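Take a look at the structures listed below.
Here come two complexes built around chain A, the first alongside chain B, the second alongside chain C.
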Partner chain A sequence: MAISVFRFAPKTWGAADDVEAVAPLPLPPMASPMVVLSALMVLCLLLFVTVGPLLWQQSPSQQWLSQISDGASSAYSVRIVSDNGDWRPSAKSDSPRGLTIHTANTEYVRLHWPKLAGVERYRIYRGDANKPGLGLAMAETGDNYYQDRLQLSREVYRYTIADAETGLLLLAREVRPEPAMSAFEAQLQGLIPLGGNEEWVDIPAHPLGTDALGRDILARLMAGGRTSLFVGVVAPLLYISFGCVFGAIAGLMGGWVDQLAMRFVDFVVALPFLLFMILFRVAFGIGPGENGIMPLIVAMLVLSWPGSARLIRGQVLALRSQPFVEASRIAGVGTSRIILRHMLPNVLPMILVAFSFAIPQAIFTEAFLSFIGMGVSPPTTSWGALCNDGIKTLLSHPRQLLLPALLISMSVLAFNILGDALRDATDRRSGVVRA
Partner chain B sequence: MLSFIAKRLLSGVITIWFIATATFFAMHAVPGDPLTQEKAMTPAVRAQLEARYGLDKPLFDQYRLFLGNMLKGDFGISFTQENRRVNDIIREHFPISAILGIAAVLIALVGGIAAGSVAAYCRNRWPDRLVMVAVIAAISVPGFVIAGLAQLVIVAMNNAAGKTLLPVAGWGSVSQIWVPALVLGLGTMAYLSRIMRASMLEVLSADFNVAAKAKGVHGWRLFFHHQLRNAVLPVVTELGPTIAAITTGGFVVELIFAIPGLGRYFVQAVQQLDYTVIMGTTVFYGAFLVLVVVLVDISYGLIDPRIRLHRGRS
Partner chain C sequence: MNIAKSLASRFAQTLSGQWRWLATFLFCFSASLPVNAQAVDAANAKVTLALATEPPTLNSAVATDTIASFVLAHIMEGLLVYGADGELAPGVAERWELDANGASFWLRETARWSDGKPVTAHDFVFAWQHALKPSTASQYAFIFYPIKNAEAVNSGKVPAAELGVVAVSDYELRVEFGQPCPYFLSLAAFMTFLPMREDIVAHWGGRYAADGDKLIFNGAYTLDKWVHGAHLRLRKNSHYWQADAVKINEIDMPYITADPSAQFNLFRDQQIAIAPLDTGLLNEAVERGFDIEYFHTGSLFFLEFNFREGRITANHSFRKAVQRLIDPDLLVNKIIGLPGIKPAYSLFPVTVKGNEKSFREEYPVMRVDPDIAAAREHLQKAKAELGFSEWPPLVLLAGDSPRALQEAEYYQYLFKKGLGIELRIDQQVFKQRLEKMRRGDFDIVAAAWGPDYDDIMTFADLFASWNDNNRGRYDNPLYDRWIRLAQESNDARTRFNAMAQIQRLVVEDVPILPTYENGALYVQNPRLKGVRRSIFGGDPLFRYAWIEE
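What follows is the complex of A and B.
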């Protein structure tokens, strides 16, 4: 491997002939607006997953069963109602004037109307107040009252009473039921303590809505981001460190060790990445109660280290024969000192660049694996797992896919731009040896 | 050249052996085995099944058996789909993946080269900017999201038209190939167009380009014979990894678009711990990818005579 380009002359030697004349850059590439923006983006994402859960203290696995796949909602209070059995109006209010609503909440709506002469049976319709038409026929009754307990939600309804025989419309009224929940259900969801007799329960706001199981999307995005970014940073950190040590040893030892090590690297590189990622991920297994992050990281470590090993080996080989290394060796500097003081500073920029490009790669891999259900296991979640949940409701609630996808894309984009900038900066300034 | 090919083929064979070995031992390190199911099994039945699949033999014997059968091109019988041979599964479903993959590679290649060339020709003008923004978007959005969005767009389009312009998912007709193939090739297309733009820019400012223009070559002839042929080389080098990325990326696209390709079977087999199917498909995919890389290496030498010269000298 001949090293033709040698741009390692220290600055004090003046402009050596072989130093490429680079026009001075008016703006250092690290400070371009794009880079600043993506650095800010990374910072925001990190804050989002670390500080976010402190500010937004909702559990990502709490299910709000009354709000399945809801859009953005604000906080509201819910009345706890216990009496939910059969109902009939008390005798003294037997003849109300017009259609009277006794109580209207989302557990039940109680209707009462005067007996009309000549009508044997009444038919009750319930419809959406904003839509034309009578809506759903709820019941037919000979009494002059009715209790509606069928899947009420917080909309405006219009009740219409009609003569069952002639179909003649008699009375109509619009009503908006107040939010309510039966005591039993509130206890079931853990909103009130067992045997408690609270009258109101607060339902918190969901600024980004809820998912298909009624869980707060904002809280889930924060929890998922923690997994995604953790894997995205820790896995590259591990495998690049390992690759660097491996490559450095190969490069420094040289000879048959180097040959053998590099053959091994060749084989590992040849393994089809995603295939083996899935295979190893299964092979390392997930015990009950584990979240599956560790197997994921180990699988990435096993498969991804060869890239940086090759890179560092090449650098070390190139550096080893550099005059300044030979000079220090002749001057009697010890091997460890040469490695630490002369070689490491020269390969460090490359390691950093490799690291910054490995992060988006790792985030992508994690997302892909979690998406096909081979990543983290529930209840732990990640952006990829959220996308997997979201794609099932894609056609009706696209937000549940788009929000985690947006965060994945943003972080990948930001890290890519940072990596690009870092590469340009190290390329121009420190003049890493090109082998 | 011949010794170069022989050398590449030999290392390819060793690589395939390595893949097979790694798969085998990774597979057997998995806790549990395919015979463990919800339904309890009497020890006698279990012993018989184990004997049938060779699971009762020592691990090393199993390994030898597996390698021997693999050399004969026989990957055994599936565990979960009874009496279905792995070879049949591959034979039946790989062509579907292959058609999808070929379409995707073609789209990525043609699209990437065209977009990259246009961007280089219009450097720093709006077509260039447009291409670069699209490239950044396509690189940073995961493939499964693009697939989902594509389905959303198709549904919206079909609704707007009031009839089925394009099927949302499934397999069987020509119109069902293009959308998944485009989705599959999009990331690669973006990557290739970035490379193409850089190398085309280099070619456009090269001396031989100026010389060709001075000779009076112009139009398509200039583009195809003088510029494209030189600029396309870095793209060809990327072809091997590209095909690898597209074949494995196919898993997700096959899942989302409900395409009965081999990738879907692989994911399914891994979830069900179907030893034979996993080993069969992994070795098959691995061998396929190794072969592609070798072919690309060889074709690189054919396209660029300079490479052959260098190789001959060193």
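What follows is the complex of A and C.
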């Protein structure tokens, strides 16, 4: 018998003379470990972005100013200190013996040292006590005291005082600042009431640390994931639906409608994707401060539908001339019924496969656009935008880039594997078509 | 001048962020191609550098940015120049006299253009008239306004020949003032005051200075090569009157990238001699043991409110609320986190000179402490005055450098948390931001201003009602009166007292909210000596530099 070009042709029953029939290749088992793993991964990611924020109730936009670019930390108590800018030691303690640390907390470290004969200006270095070298030159001063307030964290610092002219090292001392928070920040964060005078407050843990503005990375990954996955699912849903309808109409109507529709598809395909994506987003006018998700989705819809339109149109065209479709038409079956009974079941698997491959692509597009600053705008965030934030601190805090990048890779990989599995699954349908 | 974040990110402003990374990678490949490229080459007295961006123009009449200022400081020489220690030194002018009504300059006869012709007083007269012509549309025309008739020439009311500048002879220039200008000498060292050759400008017309071969030089260097967007090279000018004193023979700039990481990598690989540092690079530089150097760029960063009709930011109580909310100290120490950047409380940075010492030492500024309770009270008052129950969202216009965005996100959080106001960030590339500022398309803008000349007036008259750079259209008769008083006076004490009043007014009336005074951190090849980093007269300046063997 002639092998039908069409995969889902009605099975010819009772053809016992199946001499040409080849034993079907063993299909890969549907539930291969890879598929299970990726399905689990998708599930985990979905749970991470939906249930996660319920379990981890930190605002992704809260900026812990006293914990900028901090590593992973558990919850701890901090002392509330009121800082009033400038500080100078009181007159009676004017000549300490050696380098004295008046106060050391993460808001300020106050140093005081004896005036040394012959030294006019002092240079103060701050370095990590565990590393060699002087560290960073903080300031030069003619006074014999200094207040360091620059991004202090809870590590051990070594302060070195040197003669600014000759570079001669004079004094050094190590200190571990006590955790503290300024009263202003505590009030801002709502940790203490205005005018309150609590001495200690608890600040929450940051299991993945904080970013360059002191925001909890875990909470941001969850919030960013929600945007990324939302765009990743909604955009393909829209453009595949649109493409399907467009392609189906072209395929069903045929003739000049088909010609016209397909030339339009050619035109849209010819538009350079990235350039037009950026142009569209500018033209759609994302006003300042709007989160930019909708324009992003619309831009993807406008540019990404032709692929699926072509796919469906070809399929519908082939189906239309199939004998079983012609037969039902001769039998007087209405168009809508033909679509419902013959067309839809035969194109649906194809649509599903196209959809499952479009998801990772959309996630990636969103990430890419956000990464080059063309995606969502703050305070909304996405994995791509998080990468964009993280790249600025790549050298000093690689974590801030690697974590969102890892999540993007994981989700893209998982959705791709699932798409593969889905395609294999639809292949195995040797198809009874209900007619 | 408007700060384009010259050394930080200018190229980045065409497309945001990550194209620069692509560029970094491309650089990694291209950088390996030139053989024996060396940061400093003592044998040939050659220095290799990276530029943040190519100069938008080298036409001194219309140039406004810091990169053009850097290149022009090397290839051109004005009447006066800034010397090795930042003092005013003789340039083309051998000597000068400044009085209440004007200034006279006597030019040295040895000064030559790079084609061997002498530099004459006529070249200056032509250049200044040319810059003031309405058809030139120089943004810096206002800087000539102390000169007699300058404003009228600029608006086209009188012909250019009426300008109060006369070439008494080939080598004597006389300038008449329209108003007292005790700081005219430092103006004469500014780039818009550089000489221009009439024949060259006439020959090239609109294309003058568009390419390396379409201009002529009278400075220490000539522009030997200019491949747009890719490469600039300066070579010692043999016709320069003081050519013997110029130690560096060649300044090569084969890299144009605004990405500090790319520049830092080039520095680390000994490809360039100087690289700026940004927050993320600081620790890396410390760990590698580089000497980190610093200088105060003298520029002020501030938030400017919009006072145009119908803008709610014009409400005084609202501005007071913002003033009590934003703590420059917190911003500098926590968010920016670079040593050397100073919190700003005054319109005048600490580098502005006063009578004898720094102006800020002589006239300390009143500091307003941050206080959330007070801020909320002020906001309540503002709401009552405007009849709002809910404060509408505001638009913050910000630059697109990483630091600018970080700052903007910080303000966004602060406004939301502290005052319950939604702040929308409008991130724009440099040119677009300037355009939006000019049109007044913002509620609050994060702006910056760098001094043009070494006088307090370069900051003070910024918010006078007639100044074009007063982007918020702040209009306060009291402010204007103090400025007029200072402009019409020749007495230093009167001027500085008026300035103290201005300083007080800015704190009390909050037309702007100063945030920080910028400092630049950089690393420099230890063999390269005498490079002048400065606020005025081109930065960095290699005119007095040398390479240690």
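Heads up, the rule we're going with is that the second predicted complex is superposed on the first by the 299 of 435 C-alpha atoms of A that agree within 3 Å, B and C clash if a C-alpha of one lies under 4 Å from a C-alpha of the other, contacts with A are read in each partner's own complex, and residues count from 1 in each chain.
Everything that follows uses one rule, which is that a residue touches a chain if its C-beta (ideal position, glycine included) is under 8 Å from a C-beta of that chain, and two chains touch if they have at least 3 such contacts.
These numbers come from a predicted model, not from an experiment.
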{"item": "Touched partner set for A:Asp266, first chain B, second chain C, both or neither", "value": "first"}
{"item": "First, second, both or neither for A:Gly98, with chain B first and chain C second", "value": "neither"}
{"item": "First, second, both or neither for A:Lys131, with chain B first and chain C second", "value": "second"}
{"item": "Which of chain B and chain C A:Pro345 touches, first, second, both or neither", "value": "neither"}
{"item": "Which of chain B and chain C A:Met374 touches, first, second, both or neither", "value": "both"}
{"item": "Touching partner for A:Pro207 - first (chain B), second (chain C), both, neither", "value": "neither"}
{"item": "First (chain B), second (chain C), both or neither touched by A:Leu395", "value": "both"}
{"item": "Intersection of chain A interface sets (partners chain B, chain C)", "value": "371-374, 391, 394-395"}
{"item": "Parts of chain A lying in touch with chain C, wherever the complex brings them together", "value": "61-63, 65-66, 68, 84-85, 127, 131, 133, 135-139, 149-151, 182, 184-185, 187-190, 194-195, 212-214, 287-290, 371-374, 377-379, 388, 391-396"}
{"item": "Chain B - residues contacting chain A, complex", "value": "11, 14-15, 18-19, 22-23, 26-27, 29-31, 136-137, 139-145, 148, 151-152, 155, 244, 248-249, 251-252, 255-256, 266-267, 270-271, 273, 278, 282, 285-286, 289-290, 293"}
{"item": "List of chain C residues in touch with chain A within their complex", "value": "15-19, 21, 261, 279-284, 286-287, 289, 292, 294, 327, 329-330, 333-335, 337, 339, 367, 369-373, 376, 393, 395-397, 400, 402, 405-406, 408-410, 412-414, 416-418, 422-427"}
{"item": "Interfacial residue positions of chain A with respect to chain B in the complex", "value": "266-267, 270-276, 278-280, 282-285, 360, 364, 367-368, 371-374, 384, 387, 390-391, 394-395, 398, 401-402, 405, 408-410, 412-413, 416"}
